[in-house]
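Okay, handing you the structure first.
Chains here go by letter, A, B and C, matching the order in which they are written, and residues are numbered from 1 within each.
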Amino acid sequence: MNLHLKVWRQKNSKAQGSLVSYEARNIPEDCSFLEMLDLVNEDLLAKGEEPIAFDHDCREGICGMCSLTINGIPHGPSETTTCQLYMRKFKDGETIYIEPFRAGAFPLLRDLAVNRSALDRIQQAGGFISAHVGSAPDGNAILVPKTEADHAMEAAACIGCGACVAACPNASAMLFVGAKVTHLGSLPQGQPERNRRVLAMVRRMDHEGFGNCSNYLECEAVCPAEIPATAIGQLNRDYAKALTLESL
Amino acid sequence: MSIHLDPKIPAGPLEQKWERHKFESKLINPANRRKFEVIVVGTGLAGASAAATLGELGYKVTAFCFQDSPRRAHSIAAQGGINAAKNYQNDGDSVHRLFYDTIKGGDFRSREANVHRLAEVSVSIIDHCVALGVPFAREYGGLLDNRSFGGAQVSRTFYARGQTGQQLLLGAYSALNRQIAAGTVEMHSRKEMLDVVLVDGHAKGIITRDLTTGEIKSWAADCVIMATGGYGNVFYLSTNAKGCNVTATYRAHKRGAAFANPCYTQIHPTCIPVAGDHQSKLTLMSESLRNDGRVWVPKKKGDTRPAAQIPDAERDYYLERKYPSFGNLAPRDISSRSAKEVCDEGRGVGPGGLGVYLDFADSIKRVGEDKIRERYGNLFEMYHQITGENAYQMPMRIFPAVHYTMGGLWVDYNLMSNIPGLFVLGEANFSDHGANRLGASALMQGLADGYFVIPYTIGNYLAPEVGKRPTTDHPAFKQTEADVRAQIQKFLSIKGKRSVESFHRELGLLMWDYCGMARSEKSLTRALNRIPALRQEFWENANVPGENESLNVSLERAGRVADFLEFGELMCRDALARNESCGGHFREEHQTPDGEALRNDDDFAHVAAWEYQGPNTPPIRHTEPLVYENVKLATRSYK
Amino acid sequence: MNLLFKFWSSSIGKKWLVALTGLALLGFVAAHLIGNLQMFAGAAKINAYAEFLHANEKPLWVARIGLIGAFLLHIAATLSLVRANRAARPESYALNRRVQSTFANRTMALSGLTVLAFVVFHLLHYTFRTTDPRFKTIAEGGLLETSFDVYHMVLLGFQNPLISGFYILSVGLLALHLSHGISSVVQTFGLKSKKSGLWIPKAGGVISLAIFAGYASIPAAILLGLLK
């Protein structure tokens, strides 16, 4: 198949960027979206141009490194990540817009690659359980009902790609934060630090310049790990409770 | 012999070695720990857990990863689970049985003492991960659930959906984050280690390149820990992430670290078959699928009927037929080779005949589609995304693919390489899996090394090293930094016509054909002739555009591919020298009449560790004998 | 006060303030509607109700101040959030697509601001009675029998199709605002579960529709000549 691409090119964070048109020719349908870009890059290299920079690593939908907003939707029309999007989802002759994940908190590095370390800093603020190596009781010492373990797992599945932020008109990271707060808050091991965690993570989130939730729920729609928006509800509730307890 | 391989295995009975070693290891008091700076390269299971634990103990840790976040490391992609000798299922498991299964699974080519230690600490790993909030699967009663895995007859595998690696890595990542917040660990992402710096023969620092700005920088420390993963991408197509590379370990090798058993590579039996030339990587379907899926091919050659139209009597469930007691759960090397065999016979399925069926119809009939969905939902979804096929309705097609590398830098019992101060953890070292790794053991080893081994053994090196940390002004740093810069300039000045990627592809195909699932003297000799020529072409005609001072993907790859082009040769050399079949290393000249691997314990019950001798000079092969005091070397049978 | 300040100084806290004040305003909208619907019970009934409200000056002022406070806080917190949200996404996409946000959702600010404009007019119109010289007692030169003759005041007001039209449009936008607002409040309070998530937006829609129908029925009935 042949495709018309409109790709965001920008030399570095300070340079002016723009959409540049490329033709992708003879792309096999079984190709993944990133493999299509690989082929385009091989063409560019042959012509003596610099290839398009984009983030990717595992190419099996779990590491969360690949990004790209494809035709206005983070990760495009796939149900998972960009790396798991296959060209059979597109029509021959289609025009495809490829843009970076956009958010003030994700400064652009080059072309389609952005810096998402703000998400790491939110996790550093409190997305953990303080357990010293060697101090843990037997794994079966504290029973965890299956429904709670499953609930925690559902939220823990977040791959940290940042698509929720990229999709949200407010560039809000609340689904991301809500997922971690829900994961650890659903387990007995996460209770002692529950209030402290949510306060610290939300403060960091605000500090990093993410927006807040207007309940568009675009995040839920594009999330490759299918984190439900109830995680945001949980975040709201836990935060209000923790904040109230802190003020009293 | 310029290098000395002393495994430093503690004396005493096997069961007491680790206890005794812990007691005899040197301690560093808490106030002194903060005087020691430790560099950790790589933040997968081994690196993140090591950095977090050492930070927790009070060492000053600086950690690096080339990805944009420590959470991206490829440990995250491990699906199936993690082994531990908990015996929660009361089915006869024990530390000794896990030890024995691992030794046997590794085809009697690993160190007894290391493997026993691994089995011992396996139980603590589960406890610790639960405490960190890893959401392991639970039974209705609230207890931890287990599943069984290849190469074992007990259920000792703990899992979190089909995303165990992800959850364990996120657990280690959260522990790391806690230390970053506490200020004991300083984290640097998007920085790639390009060399290790030796001062008076000791590893005292590294050189990194910032992948966004191109800044080359020296970092000094009291010791260096490398947890940089395996080298499966030497095959270009593998289940590894695109960024996985041998650069860190290979450059350490070039500085004097011995590379052990590079020919031991694991070919995973359950991957999605190759679809075309454009393919950039292979996707693994967790081995756990073999718990409920049955592997088969048509009995007739060239049978092109759809799977559903082939009656049971005309199907060959070859694993169940050949290995009645382990059946579909036969170890990875055996399953992979069997798949290759039936495909070589012309009975393969799918495009090109390079695939076998993994059929869930019987299990769906037995336990229902919902139960199967609950167990493997994400894997079926992934399969659907990639192939467009619904595996609930038709069997999956699978084919073996390069997955894990058992070889790595040589380390002693303390996990220190032959370079003092250079520690190697996880897949990057060679120590625990012998010639073949059992499923669900990689996660176990990575975390064992990071959480429970290195924190004890690092003191043995550090204690006498107090106050010996050089600064980056030391001439050794200046020299190594200059070497790194020179190499980068060399890449940029080739200005050739052929993309780095195409060299990698060609090398990969060559390795797969000549040093893949089956190897022979003829194929390896051919590879050894062709690789240097390819390497020469690379240095004359590679196209590396742009400059160093920016995010330059071509330049990053050039460095990695240049190392693979040298490393591939080392691998073939090792495969040629190991004139026997064992585990993942199958030499066609050495097989039993029914096609099983035939070991030669008299001549090859040893570790082969290679010493670098300079460019285009054959390396020297050293050996460390493997002494078995507790298990009898037996023919590995899964029949 | 410390609590209020704490909620004000964080994004989620502000969301709570918007939700809580929104809920209070919703309560007012519902109570006001019940009051208004007494139009259908005849002049005596609704005029008595007006007299009853004004007989209790103290609680009335408490309610009024509370309401004004909630109203201002609702607007101020929202404006502050919107500003932060705009700043969070400095560059927009060349091609913008929405997957699952609703029209009501995307027009919250617009519908809210229109309702604000309407409320100002509505207060001047019926509460302060500065826009229409007829809304005075006969003694003062108007057409109302007493100052509590709400029935005739409303009747006179809504006989103007322009005013009725603007009124119906405004309560329409108010209903649109509420249709998203109600489920948002539930979400902000963290009470939406996966199951209730399916029916809460629908329930919000039904409540909003009922409010719209209730409010719009009065001018509609007057224009149609059903109320005289």
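In this text, contacts are C-beta pairs under 8 Å (C-beta built on N, C-alpha and C of every residue); 3 or more make two chains touch, one makes a residue touch a chain.
Everything numeric in this text was worked out from a predicted model, so none of it was measured.
Simply put, of A-C and A-B, more C-beta pairs touch at A-B.
Ranked by how close its mean Cα position lies to the mean of all protein Cα atoms, the top chain is A. One finds 63 Å separating the Cα centroids of chain B and chain C.
Chain centres here are Cα averages; for chain A and chain C they lie 38 Å apart.
Chain B has its Cα centroid 27 Å from the Cα centroid of chain A. Residue ranges of chain A in contact with chain B, taken from their complex: 11-12, 28, 30-32, 34-35, 38-39, 42, 45-46, 48-51, 53, 55-65, 78-80, 84-86, 88, 109-110, 113, 115-117, 119-120, 123-140, 142-146, 149-150, 152-153, 156-157, 159-160, 183-184, 186-187, 189-190.
Here chain B touches chain A in the complex through residues 52-53, 56, 67-74, 76-77, 86, 88, 124, 126-133, 135-144, 158, 160-161, 163, 166-167, 170, 173-175, 177-178, 180-181, 187, 189, 212, 239, 241-243, 275-276, 278-281, 283-284, 381-382, 385-386, 388, 451-452, 455, 497, 499, 501-502, 543, 545-546, 550-554, going by the rule given at the top. Residues 2-3, 6-7, 10-16, 81, 84-85, 87-101, 105-106, 108, 180, 183-184, 187-194, 197 of chain C are the ones touching chain A in the complex. Contact residues of chain A toward chain C in the complex are 6, 8, 19, 69, 71-73, 97, 99, 102-105, 167-172, 174, 202-203, 205-206, 209-218, 220-222, 228-230, 232-240, 243-244, 246-248.
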